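Have a look at the structure that comes next, please.
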Amino acid sequence: MDFYLGLLQIMGVHTLLGLSAYVVLLTGQVSLAQAGFMAIGAYVAAMLTVLSGWPLIAALIAGALVAGFMACLVGFPALRVHGLMLVVATLAFTEIVRLFFFNFDYQIARGSIRVGPLGGEGFRQIRYFPENGWTTLHVAIFIWSVVALVMAALWWMDRSRAGAVLRAVGEDEIAAQSCGINLTAVKVSAMTAGGAIAGLAGGIYAHYTTHIEQTNFTIMVATFAIAYPILGGLSSIFGTVAAVVFIQGFLIEGLRFLGDWRNLLFGALIVLVMNIRPSGLLDARTMATLRRLFGRREG
Amino acid sequence: MTITRLIASSAVAAIVTAGTSFSVNAQEREVKLSGFGAMSGVVRSFGINSKAALEAAADEVNKAGGVKLGDGTKGKLVIEYFDDRCNAEEGISVARRMASSATLVGIGPTCSNVAEPLFGILQKKVGDAGDSGLQFPVFTDVAIKVGLAKISDWAFRNVPDEGAMYRALFQWIKKTQPDLKTVFGGVEEDFAHSRATWYAVMKEVAAKEGFEVKGEAKWLLADTNFTNQAREARRAAADIIAISAHPFTTCGMLKEMGRQGVKPKLVIGLTSSSSLETLQGCSAEAEAIIIPTSFAPVTPEAQAAAERAAKFNGSLDLHSGAAYENIAILKSVIESEGVMAKPDTVQADRAKIRNGLAKLTETKGLIGVSKRTPDREAVKPFLFVHAKSGKWEVLHTPTN
Amino acid sequence: MLIVDLVQSIVDGLLFGATYALIGIGFTLVFGVMHKINMAYAAASVGGAYAALRLITLIGGPAWASLLIAAAVGGLFGLLIYWLCFRFIPLSNPLATLMSTVGMFLLAEEIIVHTTDGMPQNYPVVVRGILDLGEFMIRGDLVFVFACALLAMVILLYLLYRTKLGMATRAVSQQPIAAQLVGIRLSHVNALTFVVTGMLGGFAGALIGSAVGLLSPLLVVPLTIKGLIVTVIGGLGSIPGAIIAGLLVGMAENVFQYFRGVTERDIYVMLLLFVFLVFRPGGIFSSTVKRD
C-alpha cells in the first residue's frame, strides 16, 4: 500500500510539473525553463523549512512566488524570441539556474551538524514530513489536494476568457494581435503562472525526496515537463494527467516485470504513441467523445 | 479512444500484478532479500555486477543448506533485483515497493545521489515514534560518498573507507619511493564522491604524510576537452598526479596528458576506477596507474566468489564484491538474531536484522576481516592494484 | 606566461569547437529543410560511431575506415529516424515530431547502454600528431576535424545550389505545397535530407570519438545541447553560420574556464547565449525573418 501511495506522490509532483509547461504551451511556446523554476522553488521552500523553521505551506507558497517572479523577469526578454530560439534560450536559463545552485553554499550550524545547501554536495535532510509524523497517506493526500487546487484553477481559467485568449495566441499570434490582444502581457502571464506552478512542484519535490542537488534539475527534467502535456494532448488538463500516469505509472513502474526491456521500451513507446496519436493521448476528438459519454450518463 | 483505454487499463493491471506478485509459500520458507541499483544509463555495469554477485552468493548459501531460522527450520534465500536508473525518485519508489513486500533488507543502491535521499526517508532514530520515516534496513554495497550512513539508524554500508586507503597508499609511496615529493590533483568537480575524495581525503592525507600538494586541475563529469587541465598539470611538474575522477574523464585526462607529453613519475586513481570500465576506455594510457581497492581475487574465497559471479554473468570488483559479502553477513545476522521469515513477522524480522547489523563490530569479508564503526560504516581491508597489460594486478598488500 | 596560456586556451577552444561545428551542421540542415528539429540527431550520430567501432574491432582494418563505416551506418539511422519519427506524423504538428525524436533519443541512448553496459569504449586515433610551435601546441586531429567541417560545408553547399536534387530540396524548404504542385515528392526529398545529414552525423560522431579518444553515452546529451546552441547562434539553416558558431562556443568555453574556473564556466557560456538570443534572435547570419 505504501508503495502505491509513494507512487501517487511522485505522480502528483510530475502532474504539477506537466501542468506548468501546459500553461506555457497553450500560448504556443515551448519552454525548457520549467526545470529551472522547479529548482528555484525546491531550494527556496527547503531553505525556509530547514533553515528558518517555516511551516510547510508557507514555505511552498513562498517558493512558488519566488519561482513565479523569476519566470516573470525571464519572460520579458525570453518571449521576444520564438520556436527553436525560445527552446534554446529557456534551456540556457535552466542550465544557469542549475549551475548557480552547483556553486551555491549557504550553511548554518545546528547543534553539531551544519545544515543547508552545499554546492555540488547537495542539500540533505529536508525531513519536514517524517519529522512531523506525516505518513505516506497524509503526504499523498496533501500533494493531490494541491494538484486538485491547481487543476481546478486551470480548468476554470481554460473555460473563461483568459483560456480563450491563451489559445488564440497559441493558434495564431498575428490574428490574436489584430483582435487587440496584448501578446507580451499574455505570454508573460502564462510564463509567470507556469513558473509558479513549477516552483510549487519543486517545493514538494524537495520535501518528499528529502535531498536535493543540482543534478535533479537537468535538461532531461525540463524535457519531461513539456513531454507530459504534449504526450497527453493540449486540449485539456486531463491529458497531462493521463500522460503522467502513462510515463510514471505504466512505462516506469508498470513495465518492471519486463526487466531490461523496460528501459528500451521507454523511448520506443513514446515514439509509437506520437505516431498513432500525434495530437496526444487525449486529443480534441477523444475529449469530445468523453464529454458526450459523460453528458449522456448525466442525462 | 480505444488505445487510451487499453493503455490505461494495462497500466493499472501491470502495476497491480507487479506490486502483488509476492506470495510466500508456506511449505518452503523463503527469506527474501532485494537488491537495487542502476541497470540503465552509464552506470549500468554496476547494477549488472551487483545483481550477479547477490545471486551467486545466495545460490552458494542455498546450496549449502540455506539459512537457519528462529524456529529451527531452514530458509531459502530469494533475491530480487530492481532497477532505479540512478534516479532519486525511482530509488525511493523502489524502496517503498520493497518495504511494502516481504523483503527483509534492501541491498543497494549504486548511486550516492539515490542513497542520500533514500536514507532521508528512513526513520532517523530507531524507536522514535514521532518520526514517520520508513523502518526498513538498507545495506549499501556501492554508493560510496563519505558519511552517508549517519543519516539514518536504518542505513548500513559495506563500502571502503577511503581515508584509510589513501593514507596507507601515501605512506607506502613515501617508504618505497622516497624521491617522490610533490603531488598534483585532478578532480571531477560535479560528482559528490570524486570531489569529496580529492578535497577531504587525497589532498589532506598527502599533505599530512609530508608531500607538497601543488594544487589541482578541475573538470566536470561529462567533459571532453582537457587541454587547459593537462597544461596546468604540466606546469605543476609534480612527481605524482592523483586523479579523483570516474573512468570516462580519467581516461580523457590521461589521453590529453599523453598528447601534451605530461609524464609524472606516478599516477594514482580513484578507487571506483579500479574496474573493467577504465580498462575498456583506455588500457594503454592507464598502464601503471595505481589504485587502492577493497577487492581483488587474492584469497581462495575471493577467487571462488569471482568464478561464481562470472557464472551469473557479472564480474566481481570492489563494489559487487561488497554485494557478495553482504549476503554472507546477512546470513549470519539472520541466524544469530533468530529471524522467523514468516508473513506476519516481516516488520519484527526487519527490526531484528537492523539490531543485528548495528551490533556487529567485525565482519568476515572476501579478502579479510572488516571492522564496523558505530555510525554503521565499514573499515575494509584493502590492497593496491595497478593496470598491467590490460589487467588489474595486485601491486602490494598492506598489513592492516 | 599569462598571455601564452590565454592564447593557447583560445586556440584549443576554437579547435575543439570544430567538433561542435560538425555536429551543428546536421542539426541546422534538417531545420533548414523541414523547419523541424531532430532531437535524436546527436544520439544517432554517436550510435553510428559505436557501430563503426564494433565493426572495425570485429573485422579489423585501419582506424580511418571507421569514419566511412560510421557515415554509412549514420545514413541508415537517418533514414530510420525519418520513417519512425517524421514520415507518418502530420507536418503541421511540430510538437509531435519534437516528442517523437525525444523518444528516439531515449531509445538510441538506451540501445548504446545495453550493448556496452554503459562502459566507456576506447576509440582509435585517426589522425596522429601535434604541431609543436615552440610555446604553442596545436592538435593535428582537431585541425583535421576543422578541415572536415569545411569540406562538408563545401559539399553540402554544392549539393544544395548546383544540383537538381538541391534545387528540389530548397523548393521543399521554401514552399512545400508549391513544390508538390510542380511534381516534387515531398517524402523523397525529406528522406534524402535525413540520409545525407545522417551520413554526416555518423562521420562526425566517429571523428568526435576519435578526438575525445572514447565513446560513452555521456557524450550524447552535451552534444545534443551543443548542436541546438550552434544551430540557433549560427542562424537557423545556415551552414557557414553553424561552423562559426561551433568555433565560437568552443572558444567561449575554454576562455571562461581559464578565467572563472570549470564550475562557473557554463554559467557564463549560457548567459552569453541567452543575451545573444534575446538581442540578436536571427543568429549570426540572419537572413530572412522567420517565425519558427
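Each chain gets a letter, A, B and C, in the order it is written, and its residues are counted from 1.
One rule holds for everything that comes next: a contact is a pair of C-beta atoms (placed from the backbone, for glycine too) under 8 Å apart; a residue touches a chain by one contact, two chains touch by 3 or more.
Fair warning: this is a prediction, and the values are worked out from it, not measured in the lab.
**Q** Based on CA centres, what chain would you say lies at the far end from chain C?
**A** Max centre-to-centre separation from chain C belongs to B.
**Q** Decide which interface, A-C or B-C, involves more C-beta pairs in contact, and give its chain pair.
**A** When the contacts at B-C and A-C are counted, A-C has more.
**Q** When the C-alpha atoms of chain A and chain C are each averaged to a single point, how far apart are the two points in Å?
**A** Using C-alpha averages as centres, the distance is 30 Å.
**Q** Take the average of all CA coordinates in chain B, do the same for chain C, and state the distance between these two points in whole angstrom.
**A** 37
**Q** Can you list the chain A residues in contact with two or more other chains?
**A** 102, 120, 260, 263
**Q** Send over the residues of chain C in touch with two or more other chains.
**A** Where chain C meets two or more other chains at a single residue, that happens at 110, 113-114, 221, 263.
**Q** Can you list the chain B residues in contact with two or more other chains?
**A** 40, 189-190
**Q** Show which residues of chain A lie in contact with chain C when the two form their complex.
**A** 25, 30, 77-78, 80-85, 87-89, 91-93, 95-96, 99-100, 102-103, 119-120, 173, 219-220, 223, 227, 230-231, 234, 260, 263-264, 266-271, 273-275, 278-279
**Q** How about chain A: which of its residues touch chain B in the complex?
**A** My answer: residues 1-7, 10, 102, 120-122, 124-127, 129-131, 133-136, 208-211, 213-216, 242, 245-246, 249-250, 252-257, 260, 262-263, 276-277, 281-282, 286, 289.
**Q** Can you tell me which positions in chain B touch chain C when the two form their complex?
**A** 40-45, 48, 189-190, 218-225, 227-228, 231, 247-248, 251-252, 255, 259-260, 276-277, 280-284
**Q** Give every residue of chain C touching chain A within the complex, in rising order.
**A** 31, 37, 84-85, 88-90, 93-100, 102-111, 113-114, 221, 225, 228-229, 231-232, 236, 263-264, 266-267, 270-271, 273-274, 277-278, 281, 291-292
**Q** Mind listing the chain B positions that touch chain A in their complex?
**A** Against chain A, the touching part of chain B is residues 1, 3-4, 7-8, 10-12, 14-15, 17-19, 21, 39-40, 82-83, 85, 88-90, 92-93, 96-97, 99-100, 113, 116-117, 120-121, 123-124, 130-134, 151, 189-192, 195-196.
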